[in-house]
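What follows is subunit A paired twice: with subunit B in the first complex and subunit C in the second.
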Partner chain A sequence: MEKKSMKGWLYLLPAILFLGVFMVYPLVDVCIYSIEEGYNSASQTFYGYGKYNFSYVLRDPYFLQAIKNTFLLVIITVPLSTIMALLISLALSSIKKFKELFQTIYFLPYVTNTLAVGLVFMILFKKTPYSDGMINALIHLFGGSSIDFIEGPYWAKMLVMCIYTIWVVLPFKILILTSALASVNPVYYKAAKVDGTSSFRIFRKITLPMISPMIFYLVITGFIGAFKAYSDEVAIFGTDLNASGMNTIVGYIYDMLYGDSGGYPSYASAAALILFVIVLTITCINLLISNRNVHYS
Partner chain B sequence: MKIRLEKLTKKYPSRDRKSREEVTAVSNFDYEVPDGKLIGLLGPSGCGKSTALNMICGLEKPTTGRIWFDDDDVTDLPPEKRGVGMVFQSYALYPHLTVRQNIMFPLENFKGKDKLSKEEMMAKADEAARLVQIDQLMDRKPGEMSGGQQQRVAIARALVKRPRVLLLDEPLSNLDARLRLQTREEIRRIQRETGITTIFVTHDQEEAMSISDYIVVMNVGEINQIGKPQEVYDSPVNLFVAKFLGTPPINVFDGEIKNNALFVGNDRILENTGLGDQKVTVGIRPEGFLPDPEGSLVCELSSIEVMGRDTSVVASHPACQASSLRAIIGSDSREGLKTGEVRFKIKPDKVHIFDSEQVRIS
Partner chain C sequence: MEKNSAANKKRTEHPVRKTLVYIFLVIWGLVVLFPFYWMILTSVKSYSSYNSEYVPKFFTTSPTFQNYKDAFTAVPLARYFLNTIIFTVITTALMLIVIVLSAYAFARLDFRGRNITFTLFLSLMMIPNELVIITNFMTITNLGLRNTFTGLILPSVTSIFYIYLLKENFEQVPDELYKAAKVDGTSDFKYLVKVMIPICKPTVITIVILKVIECWNSSVWPRLITDDEAYFLVSNGIQEIRENGFGRENVPAMMAAVVIISVPLVVLFLIFHNKIMEGVSRGGTKG
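And now, the complex of A and B:
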């Protein structure tokens, strides 16, 4: 028995070492950094322990802006992208001709390089000396006046950000949902049809509950992914996100570490822990809601 | 209500994309289902039973032909306008709903003046549940019930809106042998109690024979024979029907009519057939053999199996199409039987003679 469990531990050792070095140690380190007050990265000294880092971060207008941006992004893009993916998947699974073709088209953004996607958005939205971007061209066509989507008003920038995020996450969600829809046994639809069930009721009472585990999975991972948004913002607004007012929580953490005003691992750690608590809370709420509405077979 | 099926034909485009040929699943299905009876639609797998049922139900549209419910032409009506209840082989109970919600599901679809109050729906669901004796389990989910119980829920759900026709597509195939026996009696009882015209699809001939008022035997999309189970068993129209009905199956021999007598191999087993000289196929039911030292059919007995009341004798005969034949004899004639040569007298009414087209001629 002793020997057996020794062997087990031995097999686990590589994984434990790896996880220890790259997950557990940084995690503990972040916790420690976050309570070290007045840490100086050059001399690696600090005054003492306390909650000052947290109160600093929570009063920092850049952080508050980042929180606001992140929450807006989450609240708008997660539901919207999930609903859109669901509608597109429903449409995809109801057509017969060219089904594979459309599936491929919808999945293309997923395998496309982020920078290429960024370029497309430039062409669509960015003002250059030569053009105002295609969207502005459209607005002109309908008699509106140009909007600067990249350096203009906050709502315009947020709009671009949301569209970009939705566009990036959509393909994966469509992929998951089309396969979820395809896995529903058609005999349920037959039975419902014999009873004269309307298509809306079939969707609400049969399809939706049956694919609810997959929707739930997408919502959870969608929330977590959106809370961690950062690189997409950089792709559109450049690296100085604080200046453009479009920073996110992860962006703030990065800036605190390596940005032009960086070198504050304690503030970064405090912000990271705050993000952790937020994500944890939201995920718990999701789990609670799902207990009632998600049906596992 | 009687159902008239008029030359129903269903062709599917081939599943194989390359071939353009159509698959004829059902062809020229012509039958008038009598009111209030239980009909067994019987045939081997893939012969078009489900397709025929789906056309009656309205899930499939016939390629040609018409369907009449009494005097209404329902061919172009969707299922819900026909008033049919359907039970599927896999039950198709919604797994996320309770038994009560499952049974109430069809009622909740009623619109306009047919709309029912919550209380009325509850009452109807309770009534249907009592009929199939699952009223104790109303708050369970299908996953928490046995196959037999799920089957009853499916029947209750099909009956709750009081359909004019009840259609069951292989409803017992997913049950184990004992439950199958029990549940088929149950279906018979429910049908009698409600008096609802019922069509019961199965590939199990014993099942169909035991509960049906009439059986319809199908083969490759066509009706071969319709009749009371015993009639069809006693006078099958062709070799297929003769082989398909009965356990153990009928024993088939190559035979010949010579001088008005029937020969199987060299054995002259029947006189006065009234048939002209020809090659024939001969079917003898297992219960048509009587061990008799004077008997005309000479076989090689290989084993004797005692199965409770009856005894099954396995033997061989040179003209038998299978490698062995099986006879069922009463326990009183078992005495003295042993392996080696054995002679049987043949009961004439258990012998069927088929011509070269496999149509029965006697």
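And now, the complex of A and C:
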């Protein structure tokens, strides 16, 4: 018996080692870092313990800007992308011809490199002295005047950011909702048809409740994903996000850790813990709402 | 399937409505594909013709492949490519060993503390990467492993989610096979390699494909851990090209580099799209 036990642990050993070093230990360590005041990464010394790191981060204008950007991004993209995904999936599930072709095309952005395709988006929206850019050409066509979306006004930069984020997150949501719609038991539709129910009512009373667990799953993961936005911003605005005023919370953490403004793991840890608390709070609120409104069969 | 279409018939029998649905789907298809079209189009425009178009043209009459040559000669794109392939192959191989062993332990071996360990593993899934990356960065830096493949690879060789996925699949293999193998005197390890893995091959392949995509696109950790160009992966390479490469904002050459970087994954996707989509809908997350 004892030998058998040993064997089990032996098989688990590699995973436990890796998880211990790169997940469990860091988890404890990040909490310690966050309360070590005046940590110097060169000499690895600090003055003492306290909550100074948190108050520093919360008063840092760059962090406040990052909070504002991240919240705007979350509030705009999560509902919009979920609704768009729902509309597209409904359209997809109502057709038979070319369905698979459309599904495959829609999923393509998922497998592409965010930084690479972000560069294309930047080119599309950018305005330079010698080129107006594709999007501005379109705006001209409809009688508007051109705007620099990459280095121009804040709202324009935010707009590009949201458009790119939605473009990136939609493939996953469409995929999940399409398979949720396909798994609704057709008996319900048949019964409704016998009763002569209108199609809008069918959607409200049958489809929506049946797929509501999946919609909620997407909303929750969407919130978590959007709060951690970072790579998409780098792809469009370059690595110096503070300079362009488009930094996100995760971007702030990395900037504190590394690069020209880096070398402050304590501030980074404090910011990371603040982010964790925000995400945890929002997820709990989401779960509370979902328990009341979601139909689990 | 037949029942489903009968039920849907009422909703789709209006031809006008059906046309509208198709128009909507085609428009979204164009939105998805347009950036890809634009990057290929721009990549075959010559530097001078691109810069002479104040309003960009939607087609080109004289395509050139000069940009692709530049992409390989003016910047070390081949080096970035090779690095990414090395990183992807080693990470995926090591991860497979780690997760197969753990999934087997959880699914088949009987030992004290198995269930509680599994629960602990699952609870670690909730820990966001941002929280642990700070210490990992310090660990790798203090070990002097910056700008090495070891430093790049080590933190990403375990995935609890894939352990979970594989364990579920292993458990579906009938117990009788295991008992028969035991009677024949087959060792656990041999049983795992000769019986379990071949039976669960579809899941293993899905995991490999998803991990390859993840490795190919990873950018945050490589950026933190490498500042020597000799160790850049394609993601960092593209960022470097954008900020310092080609000089004078050579957009067509940049786009050629983007096309080259995107091709391997798009090809992989076109071959395996069913497997990839199935794997992701079983629980991949992103966005």
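Here is the rule we use: the second predicted complex is superposed on the first by the 274 of 297 C-alpha atoms of A that agree within 3 Å, B and C clash if a C-alpha of one lies under 4 Å from a C-alpha of the other, contacts with A are read in each partner's own complex, and residues count from 1 in each chain.
Please note the rule applied: a contact is a pair of C-beta atoms (placed from the backbone, for glycine too) under 8 Å apart; a residue touches a chain by one contact, two chains touch by 3 or more.
Bear in mind the structure is a predicted one, so any value in this text is a computation, not a measurement.
S.K.: Would you check which partner chain A:Thr45 touches, where first means subunit B only, second means subunit C only, and both and neither mean what they say?
M.R.: Neither subunit B nor subunit C is touched by A:Thr45.
S.K.: After lining up the shared chain so the two structures overlap, which partner does A:His295 touch, if you call subunit B first and subunit C second: first, second, both or neither?
M.R.: In the superposition, A:His295 touches subunit B alone.
S.K.: What is the contact status of A:Met210 with respect to subunit B (first) and subunit C (second): first, second, both, or neither?
M.R.: first
S.K.: Of the two partner chains, subunit B (first) and subunit C (second), which one does A:Trp9 touch, if any: first, second, both, or neither?
M.R.: In the superposed model, A:Trp9 contacts subunit C only, not subunit B.
S.K.: Which one hits more subunit A residues, subunit B or subunit C?
M.R.: C
S.K.: Which partner chains sit in contact with A:Lys193 here, subunit B, subunit C, both or neither? Use first/second/both/neither.
M.R.: Both: A:Lys193 reaches subunit B and subunit C.
S.K.: After the superposition on A, what does A:Arg201 contact: first (subunit B), second (subunit C), both or neither?
M.R.: first
S.K.: After lining up the shared chain so the two structures overlap, which partner does A:Ser55 touch, if you call subunit B first and subunit C second: first, second, both or neither?
M.R.: Once the two structures are laid over each other on A, A:Ser55 reaches no partner at all.
S.K.: Counting only touches as set out at the top, which of subunit B and subunit C does A:Met134 meet: first, second, both, neither?
M.R.: The answer is second: A:Met134 touches subunit C but not subunit B.
S.K.: Which parts of subunit A are touched by subunit B and by subunit C alike?
M.R.: The overlap between the subunit B and subunit C interfaces on subunit A comprises residues 187, 190, 193.
S.K.: Along subunit A, where are the residues that touch subunit C in the complex?
M.R.: 4-9, 11-12, 14-15, 18-19, 21-27, 29-30, 33, 41, 81, 87-88, 91-92, 94-96, 98, 102-117, 119-121, 123-124, 128, 130-134, 137, 140, 165, 167-170, 172-173, 175-176, 179, 186-187, 189-190, 193, 199, 202, 221-222, 224-226, 228, 230-231, 234, 238-239, 250, 253-254, 257-258, 265, 268-269, 272-273, 275-276, 279
S.K.: Can you list the subunit A residues touching subunit B in their complex?
M.R.: Touch residues, subunit A against subunit B: 185, 187-188, 190-198, 201, 205-206, 209-210, 295, 297.
S.K.: Which subunit C residues qualify as touching subunit A in the complex?
M.R.: 3-8, 10-12, 18, 21-22, 24-25, 28-29, 31-33, 35-36, 38-39, 42, 50-51, 53-56, 97-99, 101-102, 104-106, 109-112, 114, 117, 121, 124, 127-128, 130-139, 154-155, 157-158, 160, 163, 188, 213, 216-217, 219-220, 224, 234-235, 238-239, 242-243, 249, 251, 254-255, 258, 261-262, 265-266, 268-269, 273, 276-277, 280-281, 284-287
S.K.: For subunit B, which residues count as touching subunit A in their complex?
M.R.: 57-59, 78-81, 84-86, 88, 90, 92, 94-97, 105-106, 108-109, 143, 161
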